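We just call them A, B, C and D in the order they show up, numbering each chain from 1.
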Amino acid sequence: MLKYVTTGESHGQHMAAILEGFPSGLKMDMEYINSELRRRQGGYGRGGRQKIETDTVNLMGGVIKGLSTGAPLGFLLTNADFKIESMPELFRPRPGHADLNGALKYAQGIRPILERASARETVMRVAVGAVCKLFLKQFGIEVASHVIRIGKAALPNDAEPTVDQIREKTKNSEVNCICPDTEKKMIAEVDEARRQKNTAGGKFEVRVSGVPIGLGSFVHFERKLDGQLAMIMMSMQSIKAVEIGSGTLVGEVFGSEAHDEIFHDPKKGYYHKTNRCGGIEGGMSNGSDIVVRATMKPISTLGQPLASVNMQTKQAERAEYERSDICAVPAGAVIGESLVAYIIAGSFLEKFGGDSISEIRRNYEGYLKQISA
Amino acid sequence: MLKYVTTGESHGQHMAAILEGFPSGLKMDMEYINSELRRRQGGYGRGGRQKIETDTVNLMGGVIKGLSTGAPLGFLLTNADFKIESMPELFRPRPGHADLNGALKYAQGIRPILERASARETVMRVAVGAVCKLFLKQFGIEVASHVIRIGKAALPNDAEPTVDQIREKTKNSEVNCICPDTEKKMIAEVDEARRQKNTAGGKFEVRVSGVPIGLGSFVHFERKLDGQLAMIMMSMQSIKAVEIGSGTLVGEVFGSEAHDEIFHDPKKGYYHKTNRCGGIEGGMSNGSDIVVRATMKPISTLGQPLASVNMQTKQAERAEYERSDICAVPAGAVIGESLVAYIIAGSFLEKFGGDSISEIRRNYEGYLKQISA
Amino acid sequence: MLKYVTTGESHGQHMAAILEGFPSGLKMDMEYINSELRRRQGGYGRGGRQKIETDTVNLMGGVIKGLSTGAPLGFLLTNADFKIESMPELFRPRPGHADLNGALKYAQGIRPILERASARETVMRVAVGAVCKLFLKQFGIEVASHVIRIGKAALPNDAEPTVDQIREKTKNSEVNCICPDTEKKMIAEVDEARRQKNTAGGKFEVRVSGVPIGLGSFVHFERKLDGQLAMIMMSMQSIKAVEIGSGTLVGEVFGSEAHDEIFHDPKKGYYHKTNRCGGIEGGMSNGSDIVVRATMKPISTLGQPLASVNMQTKQAERAEYERSDICAVPAGAVIGESLVAYIIAGSFLEKFGGDSISEIRRNYEGYLKQISA
Amino acid sequence: MLKYVTTGESHGQHMAAILEGFPSGLKMDMEYINSELRRRQGGYGRGGRQKIETDTVNLMGGVIKGLSTGAPLGFLLTNADFKIESMPELFRPRPGHADLNGALKYAQGIRPILERASARETVMRVAVGAVCKLFLKQFGIEVASHVIRIGKAALPNDAEPTVDQIREKTKNSEVNCICPDTEKKMIAEVDEARRQKNTAGGKFEVRVSGVPIGLGSFVHFERKLDGQLAMIMMSMQSIKAVEIGSGTLVGEVFGSEAHDEIFHDPKKGYYHKTNRCGGIEGGMSNGSDIVVRATMKPISTLGQPLASVNMQTKQAERAEYERSDICAVPAGAVIGESLVAYIIAGSFLEKFGGDSISEIRRNYEGYLKQISA
């Protein structure tokens, strides 16, 4: 029921998004939304574009006198670096980008492809995700992210910070990392990549606390919460792997070390002492933190361009180079938070129905009583 | 446009599926479809159920005189082990299963949950996938799978077999593995798990050859081919990680080692010498083999049950035990093939439109000429 | 969220349907469902097929020990008149049927087209609708239908029977009409059509009582309840017009005679004394009965066939004749009830969310209190 | 695959729409699009708002150097009458509007409801429809509309103008009517309504020429072209009835007068001499003009307000009055054109697939050859 669509090109005049299916009665906090956009702009290793832009969205609809109305929310952003009509056509597709297959598929040059395929579009995803986070906050659900790998520099696998710890520990990190030692190594990786006119990828983790038992479902494949999370994460530019909980590691151990035993306490109800499953069993949330990890490939635009072909002459040439980042994993984590928030908010609305925050709250509280009975 | 839905419970009388949006004019090969179901039943480490069942589907609709008509295809299977109405209620949820959160969510006992959450449902997904494979074969697209890890036993990461090699080399493997040495280690893992009354997970790879450039799209997140593949794979029971191409490894290297350089040859057109991207760049197929890897957790039902809670008394007890497999990764690979085939067939139909095989073929050939011009 | 798909051909072995998104905890009343199928088989003017069949569905899934589980519901029916593989190909398309354009579109003969386009498929829609009615009954929502026109014989426009009156007065009517005088004229129309080797159409009305204020929405076109009702009704075989409330007549009067004034009573809350809007204002239910009228064209298969063309020779010939009804408006009304029930149930679930009947009831009752506050 | 969503309120700063699934390679004619917006603003009987606004949309995305790129198209409009934050709250809901049920459903006041429920939103639907018409024009498909009734003044039922005749004859009509005599009567109806401080509704017809045989399908209810047309038309503000072809009249005659006989000519292929079915048989286009009629109720805001209730005091009072039209049927026809164009364009894209205009053209031409073979 919650659905968004975006429009706009990297160097177009505007980027915009419409989010449909959002309930009435939420206090819209534009400052928060725009602070999220700024978070996305940061991170060690970003390129020149972020110096030009100060991303800010305005509302096109769905909010009157500071409250959401139930109507579709519209977000509008104006690009400072608006020059799309004067940018040159390109002929030497960049390996790793949509350039070559996009140009062939759409029977166009490379320019229209890269303008839309660009991760600049994620600014609108972050705006949408920020509203979803505002919604989730109403129900005590919090989303945070941190970078767990840049190139060879990685956090140990057994780090299991809470959402609060992530927020606290990444506050002053240039790479959105919870460990100062690892941060240094990550920055060194970015520096080394820059020195080589190369680029660096990595991995980030998104963690959600406060999710009630029972979002998503096993009854049909399209309703599985993990399937939806995998879709949204893999749909993000540069992502090549998505893991829930222990992820790829869970294939290496036996069942007795792979699952999360069940306990009960009169006060907290059913609970688990471990969270190998990343908060999802049988396609449903199980009350533990939801943990999603995503691997980003290195940026596809290299200062030292890779082998390519001139599409006009069919001659071997080096790929095009356009201003780009060296590493965008810290920004990727922020985007990932937004995507996860969107999916969780959508499945929350599906489970609890309701047109207004007050109605949803009533339904939600009734359910909490039901399952603790 | 291509959509399926399934119905039926593990020990119900029937399992069924309806596949909507399938074109007319395909010769329906029921023997092939049922041979795929048999492939799913096999694999070292399966439990007692597979000895009871000889899975066979019949058509409920969509085919007349051996040809698909464009109407929804219906598949019907009758379970030999039909006893759902007499099966006992359960009270001690199994960690890793949908038992606990499902029972709370749906305000029911555990029995109705596990009957639907069971991977028995994948028999219908394989039937649907088999028809999709028949469709893809019309256009020279072939799908194969092999097991690359069971527990600690893994194939080296750099094995890049072709679809033909996979088919040839797994033909006589009990675990759907291309390497006899690794196979032995995999079987030893299963044996060790059985000895411990434990279970084993692992990893498999699905590979698709013959996919044209340009399926999927970057223009909107829901159209990304990798996003759709991630969704369908993660929606499969027990999957905890999905990787495209180099997957998690691509975060560890710099850009120069992460992307696939572009070449051109008058005869074969644009091509790549490497396939780190797993056949997908910018959310679109790029003409290389599509490579998807999925990690399965070990089966959640252990002979030596894990700690749980009796939902009636709230006392700590060991989890329920019901007949189950020790390892289902070889079967998982077959299911994974089916899921991937469904997504590729769907995106093929979206790109090429058409109501009949002959019309789709005409559109497809026109496109191949266009992109080679 | 509530979605169904059907499969099966008119003379195939099976017809089947899967209904996805149905909540747990509903007592499944198979006798009621099958009695609805029998209602669909009745009505003055039906052809020979209804003498051959005794339509009965069995469950394929979604119900255990008599209770819905939240899993997809599967319905299976076996056709007595199963002979699809031996039926002759046809070459002279019938005007009004899908024969000609279907055969051209799908690059097939006429047989596969008519087998699926046939209104025989509506038997599954009635099964789905019957379950939806069982669901709605839980919340005091009742659906009834009656025939208001067959050919020239029509009920006066100002008849506004309640759901109870419709049920009472049509009980013994052969044409599902509330007025014995009009019934006689309707039967005379059918007899006259039969005498002429012709066919008769007409009009029926579906009425729903007990619908709460606020199903559907104006915020986006896909959420409008009237739009959804129009879609589902027009998707029924032979329907050429759909009207809500006063329908086409509302264009002939001024605003003061077109709208329903608003009143308030401490006990019943807001109410209306008229119902020109058919229970829907601004795309939402307004608490009055929902009233939908649909016009059916006469059956397209005539005993005295119309001019056609032999598709093999391109010569002018008379259209094919296959066994058919003279008039199916009484059956159409039953089908229409089912379709309306499906839409109302779906929008009810969207508004109130919930996975189990008990949860939905709690949410629903909370809302009723909210709007009466 | 083609989908749009809109955002914005009647007196908000912006209205916007995003159209997703549009192919690359279409020359974007902004002058044409904006001329369509102006057509929507016209018509005898409009209120004061149209004197304030000069509706003009700008692009937010999807077009580079005048050509569509395949990316989502974004349209942005700035309201001259932007004053939403200072408009007074209202307490006396207008019968016929979304005011009462909307306020209850969304737990809000009336203002946020009417701002979104207002037909002002249709300005974006017309922008979307105009692009769809540009697309359809590429394939010789043309859409036109005319008003066939305002209040008691109606065009004779047997008028069957062609698209060209409609365009020619309505060119100078203030009410978008093809007949000068009827136009006079229509204008008199509007004048009489104004004199009475009342409002007038009516009926319009949308006609589409050049549609190939075989858009839409009978195989599943959601694919029926008539069902989709009914949905989109009924989703328009004020519409209470939708008819295809002869519509409600087809229920009054026998089959021999209800269907369209089939003929064949070596040059034009299969054709019909009548078009009672409105161009759709079996849920598919049949090659004749598509003819859709919609009935609009009179505007719900009356100068002489109807009985209502003050929602604060629950006392009987007259409904609110805000500036409004006397009659909007001529504008309604323009909106209806847009909605029909959107559905036809969408089903065209589903049938012919393709990412670029050139690819779609190739597929389309191949199909035309196929069906004429």
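What to note about this one:
Operating definition for what follows: a contact is a pair of C-beta atoms (placed from the backbone, for glycine too) under 8 Å apart; a residue touches a chain by one contact, two chains touch by 3 or more.
This one's a predicted model, so the numbers in the text were calculated from it and none came from an experiment.
Judged by shared residue numbers over all numbers used at their interface, subunit A and subunit D contact each other through mostly the same positions, with over half in common. Relative to subunit B, the chain whose mean Cα position lies farthest away is D. Rounded to whole angstrom units, the spacing between the C-alpha centres of subunit C and subunit D is 26.
Subunit A and subunit D have CA centres that are 38 Å apart. The distance from the centre of subunit B to the centre of subunit D, with each centre set as the mean of the Cα atoms, comes to 44 Å. Residue positions of subunit B touching 2 or more other chains: 5-6, 20, 70-72, 105, 107, 113, 116, 214, 217, 219-220, 351, 355, 358-359, 370. The part of subunit B that touches subunit C in the complex is made up of residues 3, 5-9, 12-16, 18, 20, 24-25, 60-62, 64-65, 67, 69-74, 76, 84-85, 105-108, 111-113, 115-116, 355-356, 358-359. Partner subunit B is touched in their complex by these residues of subunit A: 5-6, 93, 95-102, 104-105, 107, 113, 116-117, 125, 149, 151-152, 193, 196, 198-203, 213-214, 217-222, 224, 226-236, 239-248, 250-256, 258-264, 266, 270, 272, 277-278, 281-287, 295-300, 302, 304, 306-309, 314, 316, 319, 329, 370-371. Within the complex, the subunit C residues that touch subunit A are 1, 20, 70-72, 214, 217, 219-220, 349-355, 358-359, 362-363, 366-367, 370.
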